[in-house]
Amino acid sequence: MPDPRLQLRGVTKSFGEVSVLKGIDMEIAAGEMVCLIGASGSGKSTLLRCMNGLEPVDDGEVFLDGVDIAEPGFDLSTIRQRIGIVFQSFNLFPHMTAFDNAALAPRRVLGEADSAKARITGLFERFALGDHMHKYPDQLSGGQQQRVAVIRALAMKPNTMLLDEITSALDPELVGEVLDVLRQLRDDGMTMVLATHEMSFAREVADRVVFMDQGVIAEEGRPEQIFSAPQQARTQQFLASVLR
Amino acid sequence: MKTLITAAALSFAATSAFAAGHCAAGKTLTDGTLTIATGNPAYYPWVIDDAPEAGKGFEAAVAYALAAEMGFDAEAVTWVRTSFDEAIQPGAKNFDLNMQQYSITPERDKVIDFSAPYYTAPQAVLTTTAVVEAGAMPTLDSLKTLKWGVVASTTALPVVMEQIQPDQSPLVYDDNANVVEAMKAGQIDAALFDLPSALFTSAVLMENGALLGQFDPAAAENPDQFGALMPEGSALKACVDEALAAMTENGTLAAIEAEWLQEATGVPLIK
Amino acid sequence: MIAAVSTIAVVLAVVVLVPMAPGWEAVKKSFFDGETFVRTFPTLLRAFLLDVAIFAWSVPMIFALGLAIALSRGARSPALFPLRVFGAVYVDLFRGIPVVLLVYLVGFGIPGLGLPRPWNSPYIWGTVALVLTYSAYVAEVLRSGIESIHASQRNAAICLGLSERDTMRYVILPQAIRRVVPANMNMLVALQKDVALLSFIGPVEILRQAGIFKSLLANFTPYVVAAIIFLCVTVPATRYADYLLNRDRNARS
């Protein structure tokens, strides 16, 4: 059996006195789409940030394709090329056009010059942003900006995407266009870990749903199982509060 | 030995007899004696070796010549010492004349009396030994090639620009201290100071100072002039002025200046 | 309308009342003498070119050094701790010393160590003094700019695999520098005026030239001429800085 794409063993993380992750064990297979659900502060975002080394873990191991990236001193820049991450607040570079946002890392990190251009232009066109490629972020809507952020991550040709509540900051009418992008990625077979509050979307696309509560994985399973027949009382409670 | 004493006694007697009819008679602190003050200590080249009695150095020489002109011979001159500042304060004095490079100024003239000037300070070229060793000469042609520094508010600037007309534009400073500092830093080669300041600066403030030459004092506009200082309302003033006028007239002063301020100091006239 | 009326009233009052003051004729003669104005203007303008030249060659050095100090103060790696300390000491030291003192110390002191010509020139060392002082200020301005860029920008860049160096160069600095343009404009206006301090160590720039004219002509008009020439440069520059500041403020609100 091949190594899972991502594997976490006993991952803990605290900020000062606050213990945010209390021993997470998790495996994500290549091509799998995993949705993290749970209340704000349950540790979803922190978990995602530990997966690409943006937050160093206090204890435990994080394997990417069988290599422990949580080891101190590990050169994270190499794995960051393989794991794309998109944030809730887009975090586009405001002084660059959408295209330059996406082209910066391929040029500087992958050393691509002309080859990047066609590829990145292709991405913009694929996600219906071909006309907006040369605009600056503040000239784009929130949904467009978030799609640019996804394109920027994809431009590095990652094999895994981490998506941190990427629709939470959007007006409701703009959420759909971003979710469409994720559907397309799923059809491409991209490995994805998605922290989300969009329960119906999770139910529709996820291979697996993980419910987090107070820094632990409270329950996980296939979406229909979690949403239709949650086993844990706190899962039921949470779902009752969000699906009202 | 015996002869000498006799000769001195004789001459003293003769002088006293002569002085009785002279303008200074009865106007000095001690009749028959001229009491002259100098600095404590007195400096080169004004008084050599702090020993005015020897008559060596510009002011010492002027003092004896002046005394002679007024009818006192060498033995009738008594020296006392005063500080520079105490002498220009109002009040009773323990001297008839005080000579230590007092510039004649209207402010000072209000509280004490000045004689006619016995010296007009010329402009002198202050430089460094390095510049002299590099071949600078006391000629206008040579001065042109130097890098000049001048004080902005003095008449030195027009002198440099019009008489010397240097090849490079001069650097300009707020005061003499900055000029000296720039010279120490090697940023300028030469500067114009009045001769007394130049002598002092070169001897005391600089390690490698040198004086290249001095301009004819007549050329200076508004030059510093030194006068012998006397108590306010001194009866002796007319007599001193008369004697100084005579010494200027007959070339005595010029000769003393040439001897002690040009030859002895090695500061030649610039041609 | 009210503004226009009151402005006209004030201008009229100044134009009419000031010449009625008993000392006006004397003041006019020593500060606003037309003949002196015409006579000294060309020389003063030429002297001002020296100010402009000193300014022009100082600015790139100030920003290069200021940037280097700002970056060294922000160095993250523990191995670079000494660099951080150096940056902090540098900024404290050179912001703490009055410019004019540094001009004297550096301008006379370093050449006094025995440098040969032309390396002892007051132009070189006066410039060094200006660069030391102003780079310390600019370093602080740039550092505040760098720190004002939200950490999420850095995170986004790092997560794309960019190195610390590229992150600083392509993501943080361009934004930080843009953000502190107004503050730096004010710095440049101050520098333009402080260039005149070099006259203390010899160079005859406009202020010194005006002083020379003043002694020569016993008239203060040359200072007025110098002030006008300065204003012709600093007023537009200050206005432009204010404009940038306002634009920046509007953009953020």
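Order of writing sets the chain letters: A, B and C. Residues in each chain are counted from 1.
What we mean here is this: contacts are C-beta pairs under 8 Å (C-beta built on N, C-alpha and C of every residue); 3 or more make two chains touch, one makes a residue touch a chain.
No experiment lies behind these values; they were computed from the predicted model shown.
Contact with both chain A and chain C is made by no chain of the assembly. Centrality annotation: C (chain centre taken as mean Cα position, compared with the mean over all protein Cα atoms).
If you average the CA atoms of chain B and of chain C, the two centres end up 48 Å from each other. One inter-chain figure worth recording: chain A and chain B are separated by 93 Å, centre to centre, where each centre is the mean of the chain's CA atoms. Those residues of chain C lying in contact with chain B across their complex are 107-109, 111-112, 114-117, 120-122, 199-204, 208, 211-212, 215-216. Interface residues of chain A, counted against chain C in their complex, comprise 52, 54, 77-78, 80-81, 84-85, 87, 89, 91-95, 104-105, 108-109, 152-153, 156. Across the complex, chain C meets chain A through its residues 152-153, 155-163, 166, 170-171, 174-175, 178. Taken in their complex, chain B has these residues touching chain C: 149, 152-154, 157-158, 169-174, 178, 181-182, 184-188.
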